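Two complexes follow with chain A in common, the first pairing it with chain B and the second with chain C.
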Partner chain A sequence: MNVLKVPARTIAVFVLPCLILYIGLVFVPILVAVYDSLLDWDSINKAKFIGLDNFKTMLFHDTNFWPSVRHTLGYAVFSMLEIPVCLFVAALMNRYVRKANTLVSIYFVPVILSVVIIGQLWKTIYNPADMGGMLNGILNSLGLESWTRSWLTEPKIAMYCLYFVSLWQYFGYHLLIQYTGVQNIPTEVYEAAKIDGAEGFKADWYITYPMVIPIFKISIVLAFIGSLQAFDLVWVMTGGGPAHATDTISTHMYTQSFLSLKYGYGSALATSLVFICLVFTVFINFVFKKVEAKYT
Partner chain B sequence: MASFKKGLVYLLLSILVITQIYPLFWLVMYSLKTNEEILGSNFFSLPSSPQWANYKAAYKGGHYLQYLGNSVLVTTVTLLCVIVLSAMVAYAISRFKWKLGGVVTLVFLLGMMIPMQATLLPLMVMFKHMHILNTRWSLILPYITFSTPIAVFILSGFMRGIPAEIEESAFMDGASVYRIFRSIILPISVPPIMTVCILTFITIWNEYIMAATFISKESLKTLPFGVYTFVSQYNVNYGAIGAFLILGALPVLLVYFVLSERITKGMVAGAVKG
Partner chain C sequence: MANKALKTTAVAVTAAALLLGATACGSKNDNTNNSANNSANTGTNAGTNQPAAENVTITFQNIYPDPETPSYKMLHTIVDQYQKDHPNVKIELDSLNTDQQKLKLKTQAASKEVPDITIVNPSAQMKPYVDAGLLAPLNDMLDQNGLKDTFQKGLLDSYSFDNNVYALPDGNNIEVVYYNKDLFTQAGISAPPTTFEDLVADVKALKAKNITPIAIGEKDSWTGSFLFMNVLLRTNGGPGFLQDVLDGKKTFKDPAFTGAVSSFQDLIQAKAFPDGATSLDYNTGGNLFKTGKAAMYIMGTWETGAIDASSVAGKVGVFKFPTVKGKGDPDQYMLAPGSAFAISANSKHLKETKDFLNYFMTEMPKKQFELKNAVGSGQIMTGDFKAAGYSDLAIAVLDLFKNVKGGDLAFDNTMKPAIAQAHLSSIQNMFVQKVDPANVANEHQSAYDSNK
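What follows is the complex of A and B.
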């Protein structure tokens, strides 16, 4: 443990360079954003202090704010629903496949690619058939012409198309995390269970799933926090359109700040985003503490 | 019965291989087709004769090598700084006796929960005043700060486990703290440093939104931003777009091909410790 007694100067040398940079580029900007959120400030006029008016506008008058919150939470829900599936597949893989590492690294390929590339790839896949879109091409060749559509420009389904791409990209990531968790369960536990008559799915239910709860939690938290910040994929694929149908909190903030140049209002949205992230992180950790206390 | 079940599982796993890999394979085929073949909507067909001209067009039309060079430069500098800075902090947190250690740890922990996008606007204004907007520093600096928290956690977690006797005996022999850090701690910490490198590399290499916000000079764009620029400019030459996407994915795929086990292990370690 902490053993070395060193002069304050030495500590400063070790800690300050990083800490100053860190506070300057993470905490100061956040505080600036909080302050800016109290201003009526655009690119042309001088900034004017207006108190909480931006937040009032956001909550009660901005018709795009609540939908963007809904899309963000939808993102979170779908990403979390993926995790049990990953765990299920991981448990199967652990039982039936001897050397699953190659398989896992194949599933992992989409994870390492840039969202820009993934987004463009899927944009092409969702294209109308006469523009070479794969999905519509498949539907046509299956005789399901009535199902073909222009996936990303129909407000009702565009958001689900984006959710799907995210689930597709991060499937390998969560599968790998769950698989690592499942692998770390000692084989003796299963042997003991076998003697007691628990095998296969029964063993999964009573041993595998309860024992991976800590790892399960990690995946859930990652998926949840990642979704709250969902930005790149939406930005690359639809830019929040058509008509704000796929806006998340982040893209809405970006549009307001950098395209509409409403700096004050954009900062109010940024402040809310930070607030939401902090609250939900604390909340989800609290929930899992309860769950873990119950099962371990 | 058992073999039937096994068959079902293999079927499921094979379907998953197809869903995860076929889109990428399809993109490779797409990038080798003529516009007519692509628009002919026969999505399943292989290109009649591979159109390497698409790659030529992509290579010539987009500043591929320039984007690649920028990405390599920015990522390398970021990696070096992240390793040095976070290793120093991690060492101080895990081994020194001082009152504020806990507070510093908490500061970094808190930073992990802050969404990067919320800092974009203030950072842009700050960088403008510092006259570093539209320079490589406007990418490297925030990349460093947003990679440090996880790095500090991984490294301090590891350093806590290093037996104190090693340092004590070095101390007896008259080595200074700096010397111990450089010649003992850093070399021992190579495995977690590799993990940090992998995590940081994947994040920074693929980062798009800061690059798109802070950079507008063509000559400074990184690869993801470059890909985006190319795609929005060449929106009728489908084959070339496909080719540029493949070229954009190629570097990271090559790295992954060589280091796949390291990368997957590193990213899990990063997730579990974060």
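What follows is the complex of A and C.
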């Protein structure tokens, strides 16, 4: 396996700095959190070991846990549904737009903005019309008064408003990834297909999409993991409110650990988040292995 | 083969790294122990042989980071003066926003590294720190220079546990209703309401003129709770409802509580609050009032200075929160004893820190008075406010203070953090949907029972 033909010692020296950082900053804290999740601890006074009680409370008694899981998974589903759209747009751009780089850069702008700025921006857009809310203002001027509402404070729709902002922000990010993937497909393949009579959407269907699957997978995994950790945007825009209507696992964890001073319970939530991440990452990899085996 | 060698090396190196980490930790502990011993020794030496010669650095964590505020100026003048008078003492300021400071202190407390002076909040909120033995009792220091007598009567009770005072407050405020006289006139309201029913009627009159009746920033959910608790203070016919719950004499299913919920709901359903209130933060909510868009602002008297500095200055009056269904005494208020200065029990320079805080607390009222920031001070003021140029609003607020007949502390000052969080979100929920008061009571009771 040693294709590099260098002594193992050298490899170890190069790998070690990262490995130590990774173990110290990722792996050890996870283990510590898992241990903390077995404690009844306010992070100040003496901790009491209570076994799996935190997990029992979480699964069976915490009325906010399952909704927060649902919101988080909703986040993930919507983010992942966005990727095919990105891919579709990328394929179109590759074919019809001559200098697409400028366009891609423009789409990319929201990604480099800070989440706090984006949160404040969209909060203002969603505001009621009398407070300068742009969305409601537009609806009013279109004569759609009945559609106006205070978007972020109606429990039933607030979460979707948050999803939308995230989708808007990361559209350019995934578009860039997909566009790069599409561009990397050698032109010879298309030329050969042209001779066989496959052009336009047909070529996309039989060549572009199958060949871009590995890149597609990267986007899906990134979108999934990114949305499981959704915290900053939610915190800036709604703080998990009104009354937990937009709580994700992360915001719930924050509230429990630092505001309710149930550090042990917060750690239990963190542990479950790690667990969900692992399970789904394995699952996604499994699915893509099947898909890749079929098409490549 | 190479693979195996690689594995062995990797394992060896990882093990070495772990060992290294372990020994590093070990030696670090030794060091801190030694230095702690050393400083303890030098401390006693300094006390007997050569007083005040040792160089001392005191860390002062505080919540006055904004140079624009009077509190910042007060802090810096006093600290500068003290350092000038005591060349061997260096005060290191760690200025943070309120929320940052709360988080930082929690983190520091977890590793027992509380700064020499820090900020805590009264009663239930500071109790975990006291229970963990992190704070030093200040009784001896309060007796020096007559500091104790400068505080308002009973105020220090909110910071005392087992007859020991653990922190000294930077203020003492009450909840009042600020109102914009111009907007009241526009809506044809002649006098401030004295009953809750009048208040609801006034809300409707203001709403009819398209004026936001009451400003609030309910994204920071304590704001709604603070207001709700004032209603509860009235429906309960006086203070002490939460204490009665804690003592097992009442439950949240008591009619006083459900009555407060339904009255508060009347106010919300009368559209008293801005649309989308739960997405407005505290500052945005307050600005609705300070820019003249909202007619009332029900808040602690700490806002007086900011209102005087805003564009509605001069148009604002103040009145007492009215009676609810004929119950309650308007001279009883929601009390907000301020954030307070506490000293770490593990401070290396406990004596010097106490001396400094004693000086600081003695100087603070004078400086606050000069900076026109003395409304809501926790210490007794002797100066003439009118002569010093305080505004009519400030004088009106100070007059309310003269007749305070007790009251209640905020919910999160009385109940454990976990119960307080459940309460806050339960109240926030009322802003977005109609609720059955019995359900709200049940939510509270079950949160209380499971976190006792």
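In this section, the second predicted complex is superposed on the first by the 270 of 296 C-alpha atoms of A that agree within 3 Å, B and C clash if a C-alpha of one lies under 4 Å from a C-alpha of the other, contacts with A are read in each partner's own complex, and residues count from 1 in each chain.
Keep this in mind: a contact is a pair of C-beta atoms (placed from the backbone, for glycine too) under 8 Å apart; a residue touches a chain by one contact, two chains touch by 3 or more.
Being a predicted model, the structure only gives us computed values, none of them experimental.
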Q. What is the contact status of A:A198 with respect to chain B (first) and chain C (second): first, second, both, or neither?
A. neither
Q. Is A:S43 contacted by the first partner chain B, the second partner chain C, both or neither?
A. second
Q: Have a look at where A:M237 lands relative to chain B and chain C in the superposition and call it first, second, both or neither.
A: second
**Q.** Per-residue contact with chain A, leading partner among chain C and chain B
**A.** B
Q. Now for A:R9: first (chain B), second (chain C), both, or neither, which partner does it touch?
A. second
Q) First (chain B), second (chain C), both or neither: which does A:T153 touch? A) second
Q) For A:S260, is the partner it touches chain B (first), chain C (second), both, or none of the two (neither)? A) second
**Q.** Touching partner for A:C18 - first (chain B), second (chain C), both, neither
**A.** first
Q.
Taking the superposition on A as described, I'd like to know which of chain B and chain C A:L73 touches: first, second, both or neither.
A. neither
Q) When the two structures are overlaid on chain A, which partner does A:I185 contact: first (chain B), second (chain C), both, or neither? A) neither
Q: Please identify the positions on chain A that touch both chain B and chain C, taking each partner from its own complex.
A: 1-2, 8, 11, 15, 19, 23, 130-131, 258, 263
Q: Flag every residue of chain A that touches chain C in the complex, lowest number first.
A: 1-2, 7-9, 11-12, 15-16, 19-20, 23-24, 42-46, 61, 123, 126-128, 130-131, 150-155, 237-239, 241-245, 255, 258-263
**Q.** Interface residues, chain B side, partner chain A - complex
**A.** 5-6, 9-10, 12-13, 16-17, 19-21, 23-24, 26-27, 30, 38-44, 85-86, 88-89, 91-92, 94-98, 101, 104, 107-108, 111, 113-123, 125-126, 141-142, 144-146, 148, 152, 160, 164, 167-168, 171, 177-178, 181, 202, 205-206, 208-209, 213, 223-225, 227-228, 231, 238, 241-242, 245, 248-249, 252-253, 256, 260-261, 263-264, 267-268, 271-272, 274
Q: Note which residues of chain C are touching chain A in the complex, please.
A: 2-3, 5-6, 9-10, 13-14, 17, 21, 103, 106, 109-110, 128-129, 131-132, 134, 218-221, 274-279, 416-418, 420-421, 425-426, 428-429, 431-433, 450
**Q.** Touch list for chain A against partner chain B, complex
**A.** 1-6, 8, 10-11, 13-15, 17-19, 21-23, 25-30, 32-33, 36, 89, 92-93, 95-97, 101, 103-117, 120-122, 124-125, 129-134, 136-138, 140-141, 168, 171-173, 176-177, 180, 215, 218-219, 222, 225, 228-229, 231-232, 235-236, 250, 253-254, 257-258, 263, 266-267, 270-271, 273-274, 277-278, 281
